[in-house]
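Note sheet for the following structure.
Chain nomenclature is as follows: A, B, C and D, assigned in order of appearance, with residue numbering initiated at 1 for each chain independently.
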Amino acid sequence: MNTFGTKFRLTTFGESHGNAIGGVLDGVPAGLKIDLDFIQKELNKRKPGGKFATSRKESDKIEILSGVFEGLSTGMPIGLIIYNENQKSKDYENVKNIFRPGHADFTYFHKFGIRDYRGGGRSSARESAIRVAGGAIAQLLLNELSIEICSGIYSVGKVNHNTNLEDDFNKLDFKFVENSEIFSLYPNLENEFKNEILKAKKSHDSIGGSVGTIIKNLPIGLGEVLYEKFDAKISEAMMGINAVKAVEIGSGVFASEKKGSQNNDFINKNGFLSNNSGGVLGGLTSGQDVIIKTHFKPTPSIFLKEKTIDIFGNEKICELKGRHDPCVAVRGSVVATAMARLVVADMLILNLSSKLDNIKKIYNL
Amino acid sequence: MNTFGTKFRLTTFGESHGNAIGGVLDGVPAGLKIDLDFIQKELNKRKPGGKFATSRKESDKIEILSGVFEGLSTGMPIGLIIYNENQKSKDYENVKNIFRPGHADFTYFHKFGIRDYRGGGRSSARESAIRVAGGAIAQLLLNELSIEICSGIYSVGKVNHNTNLEDDFNKLDFKFVENSEIFSLYPNLENEFKNEILKAKKSHDSIGGSVGTIIKNLPIGLGEVLYEKFDAKISEAMMGINAVKAVEIGSGVFASEKKGSQNNDFINKNGFLSNNSGGVLGGLTSGQDVIIKTHFKPTPSIFLKEKTIDIFGNEKICELKGRHDPCVAVRGSVVATAMARLVVADMLILNLSSKLDNIKKIYNL
Amino acid sequence: MNTFGTKFRLTTFGESHGNAIGGVLDGVPAGLKIDLDFIQKELNKRKPGGKFATSRKESDKIEILSGVFEGLSTGMPIGLIIYNENQKSKDYENVKNIFRPGHADFTYFHKFGIRDYRGGGRSSARESAIRVAGGAIAQLLLNELSIEICSGIYSVGKVNHNTNLEDDFNKLDFKFVENSEIFSLYPNLENEFKNEILKAKKSHDSIGGSVGTIIKNLPIGLGEVLYEKFDAKISEAMMGINAVKAVEIGSGVFASEKKGSQNNDFINKNGFLSNNSGGVLGGLTSGQDVIIKTHFKPTPSIFLKEKTIDIFGNEKICELKGRHDPCVAVRGSVVATAMARLVVADMLILNLSSKLDNIKKIYNL
Amino acid sequence: MNTFGTKFRLTTFGESHGNAIGGVLDGVPAGLKIDLDFIQKELNKRKPGGKFATSRKESDKIEILSGVFEGLSTGMPIGLIIYNENQKSKDYENVKNIFRPGHADFTYFHKFGIRDYRGGGRSSARESAIRVAGGAIAQLLLNELSIEICSGIYSVGKVNHNTNLEDDFNKLDFKFVENSEIFSLYPNLENEFKNEILKAKKSHDSIGGSVGTIIKNLPIGLGEVLYEKFDAKISEAMMGINAVKAVEIGSGVFASEKKGSQNNDFINKNGFLSNNSGGVLGGLTSGQDVIIKTHFKPTPSIFLKEKTIDIFGNEKICELKGRHDPCVAVRGSVVATAMARLVVADMLILNLSSKLDNIKKIYNL
């Protein structure tokens, strides 16, 4: 329910306007150096603020409550907490009984019979801060295996939509992406992306965007057969991020318009000659770079009048206040990286028992 | 690993060229009429044969070994078995040590250190017959709630690619789809789809295709927060089908190029005014029709020469024999329906405890 | 790993001498009145202090961080936290590198390669405070079904050992037990129990004890077939409490010395004529009172000299300081109640889907 | 529900009087030699027949349907099936509507609303044959680590009841136990045990018994913290065996009457000086022999008149026909070994990720 992962797993709690959000990261192997600065730096990427995100002010300071002793993970569950600072529940008074179009209000109310109107409650993207913290700890493990993960914006609105990401991902400069204010994958498109976002913001509207995630240096064979395949778990992880409406692996949607002779990746003794598969064959990683495309809808919170109903069924006009991201894909890309990290860490661990030889190796036989 | 679902769950076993494939369906509520004819009819849709599928001859006769007494489910696990009949492992002698491009051979070999070369072994789509059987039993449960699920082909290769499915799904004739030899969603495109497939087949090649799945009459609120969302579980299920490379919900990829004011579904007292969300809001079903698009790559098994290597690293030319589907999306659409059925049944059951009122109702309080 | 339960589940974190202990309770149905006073009152029962427990001073004040809105559960995960106040890690300096006999030091060190010597770290019974908090919330749900659970001491050392609990549980006065300083099940034995404990304490030693748990008013049929049986889950829960070495259901160990004609519970139209089964038949609750016996070893922390080794393999004499319970069964009985509550709440929810009729009832068919 | 284990897991199906029983064993590492003769030999131990078991005639021939290729496990799920041969459902016609005292009839009927009267249906001990098969495959893995597990009878009725098993387990001769017709742990008590069983049988009654299980040569540190402890999982496994009413680890019930100074196991440089802990400290294995005591109630099926009611609430006299074990502990001991094997195999695999060093070792860092 509120747990992600099997052996390396994150359980989270907390609402947008409650006292705190937090979680428990379980299954971190003992002996891992826990670099708090790195974790906080990752959180800062997702932090609200700036021209391209909500103006809610949160320091998003992470506290680690357990599972670390003298700088090393102990194998015990890691308790994580971030206290909320800038709840402005009053902003929501006027939509207290109203279903905001494009939001979870309608479905949560009907499922639970309860209306927590304050900023989306649990369904708010605020919870994703804990995913980012958990993902950062996962990355500390991945660093030991030199696995790198990078996510960024490759299209905003119609700008650069329908790109075949795997054709040019080799040119990607991870450092540039990390430092880009909007995590643009491409230096030459960054300004165009920014303009598109600001244009939407100025018109009190929002805009959709697409995120590319690249995973480099994975071992061959991650993923379980047949129902916890690597790509299936990635899809679940990405589609589970707020506002995501589509997920593609490798050539993705394009694969469905091609012939087998075009889409198969041939092999020679130096390796694969193309990467239409996006690094996943039969649900398992092939050792090639994993390429994921994640499509975010425009932020449903806009400042235009919208037709809706209230919880009693009366027709109403929804007029939002509050503070919202004009393009949720931007900060969503940070969450995409976090989810990929969590999936990879879990799969690395699940894979340990694939072969008898591995077990013999651990137990010194 | 080989289990799908939480409370309504299917565990499968079996390889393409072993003695049998089978599974255990656990969590079927007691008292459900088990209609064997319906289950077999569903299996027959996926069965090999005909111009548009592999020519492997299998009767795919399902046997139920347990969990049913005097025609009713007993609440006990339902054992399912289909004996394989038409294994031709000899077809694979020439690729015994070769990694077939686009196949799982390479990754399975590296993960497990074992090469079961016979027809893909476990990674073969043959296993999906058990998914179809499990899905059919799930549908018997869904019938009690009048939930309908239909999947079919909406594009083959470039024909009708990039369609916005939710614009016209209301015109869909489920009966037509079910009886179409290739499960075409559209009567007017059926022949064009067929020609595209046969063209690929004649050129010893294969072709990709896309499948639309529509779920009608779902209750509001199915899905769990925040890591077993309805759309996340659907994505996992669909991406876990062999050859699938992309999954979209509702407006899907298109959502990422739109503005919020275009993509939000407004509401009046009669309900939602559009369905860009594809029936899922905040990860929970909204009561609107659920719309899923699943993109299949072309069958990797083609009869053209392909560059590859063998398990010793030597460069080889792969020349396949055997019997293969020219467009795996066709039979894949039957599996898509099965997976959707399994997800919905599981979510219906998980949802039972969402409210205290539900629990009181069951325990007569 | 650090999660207990399937659909009503508690995940905990925290060490004895860290900043805080806490957890996430997931799966609480929405609409339940959350009575904080009751939860705190339950925690106070387990709280250190008094003649019969460790003198560590902790207020054990529980904070609820999420999942409750305007006094009602929202269906969202409930974040729980208790900040530690009275860590005296210095008490442990002298045993920093020493394996304390009867403790988890030896096994944790070898499993994780890390030595968190401060008061047992994660393996300390301190974590059980969160179990008690989670169990208290479970009880709020059980109250809706009038299910009562009571645990107490029925033997200390050799006093009243080998009692057949089911013979006299009907005479039990739950109010007396709750108010007894040592949670004695029997008024007439309370002083003898106390003396036995104080005698052990005075001799710098500790003493074992046994706990009886009675669950009244359960519905028939709780428990899953065949691997999550009610009694199996209870056993797992009880054996998982620190210091527990044996668990019995109903006639328990005595059952193994009886004949079938003695042990079978006959039935007439008013119900069962005896309760040797302890309320569980075929792993499912029978509607009779459930009777559980849980046996606690003496607290391993004693203040006598003990032979041991250090982490380098050198022979050492262990001389403990610190603050310890002379009879861990006393506070253990509070944890036993908590675990029983968690199991019952989970089983109530899992049982909702046992019959098609239940599903029809919820979805109004 | 019908699945046991996390990463090494067995899912079973099948009823006593259905066509077949079977299961899926998932998570077997690839490359393990699958010795069918050994598996069948283990099944033969549990097989009905002889003076001390039911006279139902079953060859219990196991078939492996998948997951094995050229004699080695492939990492794929292993499908297991045993066809039933000697169903005599007619024996049950006279109890068709009657609740047999001590049986699951009453609880299953109320939980599921269905009465499968044929020989206990799913609740019959017949299902345990698949546990034995799964356990035998687990043992093949344990053999690679030289882990030995032996179970046998140490008390029947009042004969040798209340023994402190850990005092004399070192004298146990595993070969003798295996070859004993009733799996007696002690040569000198075997005849007394047999007489006790035959005496019960002659008087149309049944008798309880207790089983000791010894696990030798376990690595230190198996078990998870804090809710999948080794002893907790063992308890769940053992209590989940039909007819078991109590489980003890190490000194077990006796621990609760002792002082800390008596019960703590001191350590010197050669290891532990006693084994009151039964090889488990803090829920993790200590490297000492694990000692488990499992108490079986007398078989509820007896051939004496018993008071009961039918499904309509009418009072009836139950007079059983059919074929039943006079002392279910005898064959139960074979199942106890199987369950211990399954737990150990699962724990071995779960333990692989306890330390960062292990992960580095596998991924060659």
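Methods note: a contact is a pair of C-beta atoms (placed from the backbone, for glycine too) under 8 Å apart; a residue touches a chain by one contact, two chains touch by 3 or more.
Remember, it's a predicted structure, so these values are computed and weren't measured experimentally.
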Discussion item. Need the most distant chain from subunit A, centre defined as the mean of C-alpha atoms.
Written reply: D
Worksheet item: Does B-D or C-D have more contacting C-beta pairs?
Response: C-D
Worksheet item: With chain centres defined as C-alpha means, what is the inter-centre distance between subunit B and subunit D in Å?
Response: 38
Item to complete: For subunit A and subunit D, let me know how many angstrom lie between their CA-based centres, rounded off.
Response: 45
Practice prompt. Let me have the rounded angstrom distance from the C-alpha centre of subunit C over to the C-alpha centre of subunit D, please.
Written response: 25
Item to complete: Note the residues in subunit B that touch 2 or more other chains, in rising order.
Response: 1-3, 7, 12, 27, 30-31, 75-76, 111-113, 122, 225, 354-355, 357
Worksheet item: Along subunit D, where are the residues that touch subunit B in the complex?
Response: 1-3, 7, 9, 11-15, 18-24, 26-27, 30-31, 63, 65-67, 69, 72, 74-79, 81, 111-114, 116, 121-122
Worksheet entry | Complex interface listing, subunit C residues touching subunit D | 1-4, 12, 99, 101-108, 110-113, 122-123, 127, 155, 157-158, 161, 200, 205-210, 220-221, 223-229, 231-240, 242, 245-253, 255-269, 273, 276-278, 281-287, 293, 295-302, 304, 306-309, 313-315, 329, 351, 354-355, 357
Worksheet item: Can you list the residues on subunit B that touch subunit C in the complex?
Response: 7-8, 27, 29-32, 73, 75-76, 141, 144-145, 219, 225, 348-350, 352-363, 365
